[in-house]
Every structure is written in C-alpha cells, then in structure tokens.
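The structure appears right after this line, and notes come after that.
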Amino acid sequence: MRKTVKLGLGAALALTVSASSLFAENIKIAFIEPLSGFMAGTGTSGLHQYEFAAETLVNANGGVLGGDMFEIVAFDNKLSGKESLVQLQVAIDQGIRFVAQGNSSGIAHALIDAINKHNKRNPDDLVMFLNYSAVDPALTNDKCSFWHFRFDANADFKMDALTDVMAENEDLKKVYIIGQDYSFGKAVAAAAVSDLGNKRPDIEVVGNELHPIIKVKDFTPYARKIIASEADAVITGNWGADMVGLGKAILDSGFEGPIYTYYAAADGITATFGEAGKGSLYLVGTDQLNPPVSDRAADYITAYKTKYPDGDINQARIVNVVEMLAKAINEAGSATDIVAIANAFEGMEHDSIWGSKIVMRAKDHQAIQDIHISEHTDEGAVFDYDNSGYAPVVKSTVKMAGADSATTCDMKRP
Amino acid sequence: MSDTTQKTAVRPTGVTMSMALPWLIAGAFLLVMPYVFTSNSAITIMNQMAITIIFALSYNMLLGQAGMLSFGHAVYMGVGGFMCVHIMNYVEDYSIPLPLPLLPLFGGLFGLGLATIVGSFSTRRAGTVFAMISLGVGELIAACSIIIVAFFGGEEGVSGDRTMGLPFFGNEFLQQIDVYYLISFWVMLSALLMFLFSRTPVGRMANAVRDNPERAEFLGYSARWVRYYSFCAAGFFAGIAGGLFAISYEILTAENLGLLLSGEILLITFLGGVGFFFGPIIGAIVFTLLQTVLSLQTELWQLYVGALFVATVMFFPGGLAGVLMMHVPAIRLGNAKLLVVPYIKTLIPATIGILAISGFIEILFYSRHAPVGETEMTVFWTDIDTASIVPWIVTVGLALVCFWITKRNAPELVETWHRANAIDGGKA
Amino acid sequence: MELILVNLIDGLVYGLLLFMLSAGLTLIFSMMGVLNFAHASFYMLGAYFAYQISTYMGFWMGLLIAPVVVGIAGAGVERYGLRRVHQYGHVPELIFTFGLALLIEEFVQFIWGNSQLPYNEPAILDFALFSIGSNDIAAYKVFMIFVSIGIFLALLYVLTRTRVGMVIQAALSYPRTVENLGHNVPLVFMGVFGVGTGLAGLAGVIAGPQLGTFPGMAILLGSIVFVTIVIGGLGSLWGALVASLLIGWMTTFAASSSFQFADILLALGMEKPAEMSESALRDLWTLTLPQIGPILPYMLMVLVLVVRPYGLFGKRDA
Amino acid sequence: MTAAALELDGLRKSFGKTEIIRGVNLSIAPGERHAIIGPNGAGKSTLFNLITGRFPNSGGKVSLHGNDLAGKAPFEINRMGLSRSFQITNIFPKMSVFENVRCSLLWSKGYKYSFWTMVSKSQDLTDAADAILEQINLTARRDLPAGVLSYAEQRALEIGITMAGGADVIMLDEPTAGMSHSETDYIVDLIRKVTENKTLIMVEHDMGVVFGLADYISVLVYGEIIATGRPEEVRANPKVQEAYLGAALEEEH
C-alpha cells in the first residue's frame, strides 16, 4: 500500500474520503499524476523527487511557520482528465490547498479550469496550482490564472534559448521540424519557425511536420524524408516512446547532424540511446545537473541516488517548487491564506540549488530562469541517467531566458 | 381455455406495485445517498457512477439486448458531450435562455444523430463485421478529435461553465450537490426509458435478432432494421450520458472519444452481467469504486481489476448480476438458509487467501521499488518490516492455508448447492 | 526516386512484421473464432523475454528461446483459460483475451517497470549495409526481411505440405467437419494458439530493438493487427500477407508524402481564408497526409467491410 | 380463376458449377396441402431456401399469389404471407416459450418497429400468444426458456412460431424429423389442426406422415420434379417407384 496514503481502506470504501486527517498540522500538497498505466514511471519518479525534496529541504530544517511539515499526498490521475478532476475533488475534500501537476498540458488545462471554477464558487476554500512541468505557453498567456504558477520555462522560452544557440552555428543552413500533432507539438513548431526567421533568416526550414501522437509504429519513413530533405539539424518536442522511435529511426537512417529535443532523457530514454545518441542528441531545459554547479547540488543528487539507486533527478525544478513554496508560506505567515501566498509568490526571487536565479514574474506567474542546452554524452556525465553512464551535460546557457518577453496574460486578481 | 383466461386475469396490464417497487427503492436510494455521504468528492464519485450507469445501460442495449459487440461506443457519448459543452458556451456567449437540466437532451439528440449516420452502414451485419466497423469508426473519430481542433479543442479539449444558463427554479448549479440531483433525475429517467424500450416490439425483436437473426427475418422483421433502431436508441442514451458528463465535469477532452473508454465500458458491462437489465448498473458502481477508491490505496489497482475481469469471465460468465441471480431459485425454494454455513466455510478462507496474496504482491512491489533503507510499510493497517522474513512467510502461509481450507470445503458447498436447488430441497 | 525505393524497402519491413503478427492471429481467429485481443501482448512479451535473455546470453539466444517461451505461455493460456471460457461463447472469449491483455501489461510493468528498455540490435548487425542516396539501409532491417520471409515460407510449407497443415486448412474452411473426422480438435486448437502466439513473440523479439520496447508497445500495435486480418479476409494466409504489405506500404508512403489537403480545397474552388484562425475549416486547410497516415488503415477497413464484408481474400463471412 | 398460392417457374440454382435445382415448375393452389418428397440430396431444402429468399436463385421465377418474389428479402416475403419452419430447430433459445410466440405475432399484429408501445400492455397480443400456446399444447411450459424444452416440444414450438404470424402459405421443412412414433402422431395432429384453410407445403421423409396429410405430392430427384399428383397417383407412378419410392418404402418396412 502506498505509504503516502494514510487513509484506511474501510474508510475509503465508505467514500468518506473527507478531511479525516491524521496529520492536521501538516501542510499537504496534492500530487496528481499518473501512478498507474504506461506513464506511471514518470509519475512515480516525480513523486519520489517531491517527497525527497520536502523531506530533506523543508522538514529536516524544521518545516515552515516554525514547525509545520510538508506532506506530499499522491493521487493517481491515470493520465486522464476526468480522473484528474475526480482526484482534485478528493484532494480538496481532504483540506488540501496546493495541487502539483505537470505531466500533460491537457490535464493542466483541465485542472486549472476546474480550480478557477472552484475558487470562484467557493471563495472560502481556495486552491492553488503549482505547475512544475506543463509547458504549453497558453497557460501563462491567454489562459493565465491567478491561482496558477509555472516553475518550468514554457515551450516558447525554451525555443527562444535553443534558437539563440542554433543561430550561432554558421554551418546550419537547413532545419527540419517534426513533432506530435497536438497543442504542444504545434507550439514548438510555430515558435521554431518564428524564432529562426527572426534570428537567422538565411536558415531554411526544409520540413515542418506533425505526426499523430502515440500512434506511429514505425518512424523510419519520417526519418527518410528528413534525410532526403538534406537537413543539417532536426528540432522535435517529442516525448516518451515517440521520442525514442523517432530518434532511433533518424540515427539508424544515417543522419549525422544534431537533433535538438525537449525530452530525450531519463525514464529509460537515455539508456536506450546510449552510445548511438552521443554527439547527436541535444536537450533544452532548465536546471543544470551536469556538471554539478555546487557541492550542495552534488550532495543533494548523491543523497537522492543513495536513497533511490534506480531513480534519477530528472525533474530537478521540483526542488525549486518545494523551496519556493516554503518561502512563500513563511512570507505570507499562513499556510491557509492562499491569496497571501500567491501574492508572496508574485515577484519572488530565489537562488536555486541548481545555480540559476529564479524570478516568479508577477504579470503572468511564469518563472524566469536560466535555460541550458545539454548534450547527450558520457563525457562529464557525473550524474548519469538510467545508470547508463550517459546524461545530458550542459554545453551552453542562456541567462534568465525570456525575462523581457511579452505575454498576452490579462491577470484577474481577487 | 379457462387456464388462459385465468393467467391473463392475474396478469393485469397496469403498473403493479411489484413492478414499480425496484424503481421506487432506487429513487429513494438516490435521494438519501447525499445525506449519508456528504463530502463533495463522494458526490463527485456518485455523479461519475450515475453517468457510467447510463452509459453502461446504453452499451448493454447493444451487447446484451441486441447482440452487437461494439468497440467504439464512447464516440456517441463523447460527441453528445462535446456538443453540450459547445451549447453551454453558446448559452454563455449569447445569453440563450436555456435551463441546464434540459442540456442532456441535446446531447442525446446529437448522439442519436451520429448513430443514425454510422448505423446506416454498420448495422447491416452483426458479429465481427459490426465489431470491426465500430472499431474503425471509433478510431477515426478519436483521431479527428486531435486533428479537428476547431470543434474538439485538441489535446486540452473544450471547457464550459454550467452556471451561465437560465437559473432553474433559482438554482444555478454552483455546487456538486445541485448537479447530483440533476443527474439523479436523468439517470432515473434514462434507466426507466431504457427498461421500457426493452419491453417494446423493437426491444423484444432485438432479443430475437440477437438469439437468431435468421429466424427473426422469417417472422417478418428485417434483422438489419431491428439492429439499426437499437443502435440509434443506444446512441441517444450514450449522448445523454455525454451531456451529463459535460455538466458534471464542465470539460470534454479527446479521452472521451477514445478506444480506451470504449473498451472500459465493454468490461464494465460484462463485469456487471449482460444477461440482466440491472447488470450494467452493478458493473458501473463496482468499477467506479475500484477506479476511484482502490486506486487511492494501491498503484497496482489495474492488476487487481484485470485479475477480477479474467476471473469473472472464467468462472462467472453471467457477471456479478448472474452470480446474484443464481441464488434466486434457491431463495424461491426457501432453501437459501442451507447455503449460509457452507458459504461461510468456503468464502471466508477464500477471501482471506486472496487478500493474503494481494498482501504478498504489495510487499513484493514495495520492496522492489522502495527507497534504499526504507523497509517499513503498511499493509491492511498493519505496519510491517519488509526486511524481516516474517511478513513474507505470514502472507504466503496464510494464503496456502486458506486455499487449502477452501479446497477442502468446496465439495460441501457444491453438494449443498445442488441440494438447495433441487425441488425437494433439504427434505430429501 | 531514391526516396521511393527506400520507402518500398521500409514498407516491406513494416509490412512483413505486421504479417508475422497477423498470420498467427488469422489462424487463431478463423479456427477458434476468437478475436484474440491479447495477441499484441504476446508480441510485447516476446520483446521483453528476449531482452531479459539477451542480458545473460546475448541477442541470438533471445531470438531462439523467447518465441518458444511465449508460445508455451500462449498454449498454457489456451489450455487453462480459453478452453474453459470457450463453452460460454465468443463474446466471453473476447473479453477474456481483453482482460488477459490488461493483465499481461500489468505483469510486464510489475516485472520490468514502466520505462523504455535498452533492448538494442546485436552489435554484429548494427551497421549500415548499403545506402540509397544519403539514406542508410541498416543491416538489421535486411535481417528482419529475411526472418519474416523465412517464417512465411515455413508456414506455407507446413500448411500445404504436411498432415497437420491439411487438418488446419480443413479446419479453417469447415471448422465443424474436422471435429467429426475424429481429429483431436482441442489439441489442434492448443497447438495453433501456441504457434500463433509464438509467431507474435518472434515478431516482438525482432521488432523490439527497432520500434522500442516499452509497456505501451502492445496497445500501439494491437488494433492494427485486427485491421490487417479483417482487410485481408479471415482465414486467408495470402490475404493476411497482401493486407500486411498493403498497410505497410500505405502507412510508409503516407508518412513520407507531403500531400496537403489544402490542394483539394483549392481544387474544389475554395479560397484560402486570409485569417486562418477565424475559419471553421482551418484544421482542414493545414492538414497533411502524414498527419493522418496511421489512421488510413482504419478508413480502408471500414470501406472494405461496407463493400465486401468478407475482406479482400476471405471466402467465409467474417 | 385466382392465382396459384405459390408458383415456381423454371427455378434453378447452382453452387459453383454444380446445378442443384435444375428447372423446377410447380403450381400450388390456395388451400392445398402439398408434400415434396425425394431422396437425400435431391435439393428439397435448397428448394425451400430458394422460395423463401434465404438463397438467391440462379434462374427462373417464384410467385406468391401472383406476385413475383425476385430480389425480395426473407422478411419481405414473410410479410407477403409466406411463413416457414426449418429442418434444424430454429427458435430463440434464450427467450421464454411465450416470448417466442409473441415475437412471431408482432409483425402480423401491426406493431412493426414501434418503440412507443409496451408489448405487455397489449391484452390482444397476450391473448393471441396464449391461444397459440394452448393450440400447440405448451401452456404448461409458457415461462421456461425455449432452449430447455424437449425436442418434440421445440418442434411444436417451431410450428407454432411458423403459423403464428397468420401467413396463409405455410412451409414446413421435415416437421417430424428425428421423432418417435407417438411424437410424430402428436405433430401430425398439430399440423392438421393449425393449417386448417391454409396452403401447406412440406418436405417430409416419413411416408406415413406424407400420405396422411398431403392432398398432392411432388417427387424431387436430382433437382427436377419427376412427378406431381394425388398420393395414389404418385404411388402408382412407375418412374417414381423406380427412382425413389420403392427403395424408400422398402426401408420403411
């Protein structure tokens, strides 16, 4: 039985999943992610990282507000929007005010939509959404909400940083963009086209392709097309099996240039690419693990790897979420006054364990931070992924990426 | 002839108490439930159950009543739901005076509309051809949901706000409990209508076509048109379920159309039992509980659900309803009490044995995935240490002992079962 | 031109892979009437078993042992599960395999976890055999083609030249008659189920390194295999082959084409809207063929079933 | 003169290259009881299947009361007043005996595909179904699933279903096949009772039944009718004796 769910089976079966809290003094964070099904690996890994961060960075230091402890309560959303909403309701009934989610922007949209409605209809029982990795730009633009805070860089910022680096490569003449046919894939493609157009009008986008999400069995034909287009580089936002399938097909077909990706690491992907991906795969993302920026970061990773030898810190921003939430609660002086905590978040500056400064931009609740371009390699991979000897190692950094970017957010404050 | 007249005399055609009683009890039950389980999440889960009940009953109109195996029934619920969210948004944008409780009707109509189109070519044959066309159409429409963003909203779906409609007797449906009563009304109405449908000429002929389509043809009925009407009716009620989904969750996404949901409803219906009208209702309740409550308890819930399905199919092909109805003859004969003791003697050890196995699986799973050094876990309210050998031995030993007892006592149960179902019962 | 040649080869590889799955399924389907939903799950088991064996004994032993293990597991499922359910009729059988697919997926996740497995081509085949233009044709792909064709020829030999094959062929066309001829039909069923699932396992062994080894691989391929045998016609091995190749080439060429639906709309005399986001048809204007490539087989299936309910090569009603 | 109840004109059927029915001409007057006999494999059941639209014919014409049946589906033919039973019992095994009969009444009672009326509300329907149960002696089995009835009872039910719809042309395919003597007598009485004033066409092997029931007999051999006439004429026909009857009669004794 999952350790974090402290409810008795009988009580739960009786549907009285209400605020029967054994740990009333704990500040609970509802972690709503897939914990069963084919995405469970990512969900469980995120849960461990949350638990570890709460334990070592908050609770071990005496908690917040002079003694209140963080507790991560896990809810299995089965990667389903509907189930996420049911579990959100269960979480709210348990008196939980903080909801953390990040896998799938679709679910993030469903959750923030439900939270907006809940907060409007229940002004005495407010809930806050801590988005640690859903990167659809709309969440901090058209669909922005006062109750939503994003700790990851959004897809546009990442593309901005990525194209900054690409623009410096004079040999780059032709680029192929391929992605999954849904909002995120389209956002990546649109950002790539417009950023490259601004920074290097001479670069030709030789292909801009969408393929059905989680439906393609064999990526070889896409790879053939990429090679036939004589592209020098590939950009893709693919994740999971679609990333592995595409990457392997491209490499097997004899492509020599760089493949710029968002999610080609961890959860078995790094191990699967192994030697074949070396020198070809590049990742754009926040948080630098390799090489470690400080002894504190190295110690933290080592401690985590000691506790979870099969796990990886692959969503390092979780640490930032936990630390910043602790800071905001302390600043607000209350763990229940959600408006005050949200106000404390706005404009908060934080020095991340991973070396970056983080500013929570007030106008759209988007964290501004350093974005790194890493290479999949075994050289300098101090903390490897999947125990494979390989890891993304930071090659270049864009400081405070997107700090002056515009947003279409029209924040409605309470 | 006197016999016949007597028979018809005792079978009045009006609504009798015995016919109405189950419905009155169900209605009263629905009214009382929110006072027993007051939390919002409990009400949300009950709403989910009610929606699944309509959907499963609608699915059983195909599978159980008309013998059509569909792999794409979610499409009709989904399309009905999507239309309802769009209507909700129109209501909000153009201030259309539409009271919310009427919304599911529109869902039903759009479900019906889609079913009339698809049914026109899919119901020509039953069996594998129908099943595979339903799979193909389901897959096509599910794929459209990602491609046609203008209507389906892509990955993040379409959301609306149910509170923007015309207040219904002053109620704006702000809270889940308001929605609960709305859904309860619709679930009663839909279930009643679906029950009555099975009593109409088309409904009766659907059974006939299921059993023997060729014979039905030689009775003057076109099997194809009987299937078509059943299919359309099923589409209508699936659409109503979709409309209620839209009201309850205020959002529809691609998963509402997907094959996963279509497969799920097949399993739910079968788990409950396709042979009885109330079978899918039991299936919907049990599955929703497993999905929402069991999943809070263990990450392995799908393993248990899968095992439950396989066990049900292998040992109780009539589903849970079939298991319940198996006892009717014994009860009618007044022999039910004979079964009590043998049941206790076999089922209790069997249950403990199964729980012990699941405990063992949980311990195994935990010890494989737990952080290094952490060996304490809680299984069935017992704190145990996985580093020690005791819990392993206890669970395995308990399982073995319990199954041995079950096996030893099973023949007695079988024998009693035959005795209880024999006409002369225990007297012989 | 070069690209077309490359696509032909790639489509062949994918089509033959599909054939290995659909050959077993069509045998099982037409003999036992079972829509085996767990068929792709046995394919997944093949890949996982082969990975596990390859970590101890190398790829080649995995190739030899894993399909046998999968086949034995399949025969066991038939003997102790399906045979029991058989008496209840076809729908319960189908639901049984449905539940089995769920269980196998959970089993795989329980044992191997949820992540991608680093199951890769053997080093000896991990090179580009030749190139067409700048496109490499990996040696492993050629190896896949040879294995699939070998399996096809072996199947053809068994079915047309051996006694067992005659019984199976007869059972395909006249399932009831064979029973009356005194053949041990349950044993034949078990054997066919074992061989069919073993073939699926073999497909998994050789496809795992190419298409990825992860818990979702069964669902990904599951329904397309049904589509294949339905299009080909139930009970027809040749139909399964033709439909597999057809689907293989169709998806491959669709994926590598750059056809845009806007061309059709323009040809229909419609004008491209200036402000795309305002147009109700905006999704159609931007739609390309690769976007819908993987759902083309489903369209084809629906069309085939509406026009010809027994599939392209089927003789019996589906 | 009124049109024949059923008229076959040069009816043909081939399966592949084999011609099973090779030009059958037959005219059956209203109210006639006509038996078709012939050795196994003569094509009797195929002929039935051609007439009732179960198989499409390869040539020739079938008319019911002067209306051409070409291209009509079984359910359309049934609605025109032709009903049939099957050689292998063909009922609705999971439904109750009463339901079986009631379903066979629905179309003729004009319910069509209605989904706004309750079948149990219709006293008329219930009475009619019960009356038929009474007629076929199955009132005691009324609420049992049809699948659990004895063989003879299922055959009786089959006949009940066949004539319930009120068709005036009834076709019975070997109604007494596989029955004991007492069961056969029961069925023969039943057939005589329920086909009063109707046209009856039956295929039958039991010569006792044939000569007991039929007004006319046709002999079908290798897809052709070699003789048609009164029972005594057919019995006396040397061609028939040669081809079939003699052997069959020998078998009888």
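Going in written order, the chains are labelled A, B, C and D, and every chain counts its residues from 1.
Note that contacts are C-beta pairs under 8 Å (C-beta built on N, C-alpha and C of every residue); 3 or more make two chains touch, one makes a residue touch a chain.
These figures come from a predicted structure and were not determined experimentally.
**Student:** For the chain pairs A-B and B-C, which is connected through the larger number of C-beta pairs in contact?
**Tutor:** A-B
**Student:** Give, as an integer number of Å, the spacing between the C-alpha centres of chain C and chain B.
**Tutor:** Centres of chain B and chain C (C-alpha means) sit 31 Å apart.
**Student:** Taking the mean of the C-alpha atoms as each chain's centre, how many Å separate chain A from chain B?
**Tutor:** 36
**Student:** Measure off the straight-line distance from the CA centroid of chain A to the CA centroid of chain D, and report it in whole Å.
**Tutor:** 74
**Student:** Please tell me the distance, in whole Å, between the geometric centres of chain C and chain D computed from their C-alpha atoms.
**Tutor:** Centre-to-centre distance between chain C and chain D: 48 Å.
**Student:** Two or more other chains touching the same residue: where does that happen in chain B?
**Tutor:** 143, 147, 300, 302
**Student:** Indicate the residues of chain C shared as contacts by at least two other chains.
**Tutor:** Residues 105, 291-292, 294-295.
**Student:** Of all possible chain pairs, which ones touch?
**Tutor:** The list of touching pairs comes to A-B, A-C, B-C, B-D.
**Student:** Which of the residues in chain D end up touching chain B in this complex?
**Tutor:** Result: residues 52, 54, 73-75, 78-79, 83-84, 86, 90-95, 99, 102-104, 106-108, 111-123, 126-127, 130-131, 133-134, 139, 142, 161, 165 of chain D touch chain B.
**Student:** Using the touch rule from the top, collect the residues of chain C that touch chain A in their complex.
**Tutor:** 2-3, 6-7, 10-11, 13-14, 105, 109, 113-120, 128, 131, 133-136, 138, 140, 210-212, 214-217, 219-221, 224, 251-253, 255-256, 258, 288, 290-295
**Student:** Using the touch rule from the top, collect the residues of chain B that touch chain C in their complex.
**Tutor:** Residue list for chain B touching chain C: 63, 69, 121, 124-125, 127-129, 131-133, 135-137, 139-140, 143, 147-150, 259, 263, 266-267, 270, 274, 300, 302-303, 305-307, 309-310, 313-314, 317, 365.
**Student:** Looking at the complex, which residues from chain A come into contact with chain B?
**Tutor:** By the definition above, chain A touches chain B via 1-3, 5, 7-9, 12-18, 35-37, 40, 44, 48, 75-76, 78, 80-83, 85-87, 89-90, 92-93, 104-106, 109-110, 113-114, 117, 121, 136, 181-184, 212-213, 215, 306-309.
**Student:** If we count contacts the way the header does, which residues on chain B are in touch with chain D in the complex?
**Tutor:** So the residues of chain B touching chain D come out as 1, 3-4, 7-8, 11, 13, 196-197, 199-205, 207-208, 210-212, 214-223, 225-226, 229, 233.
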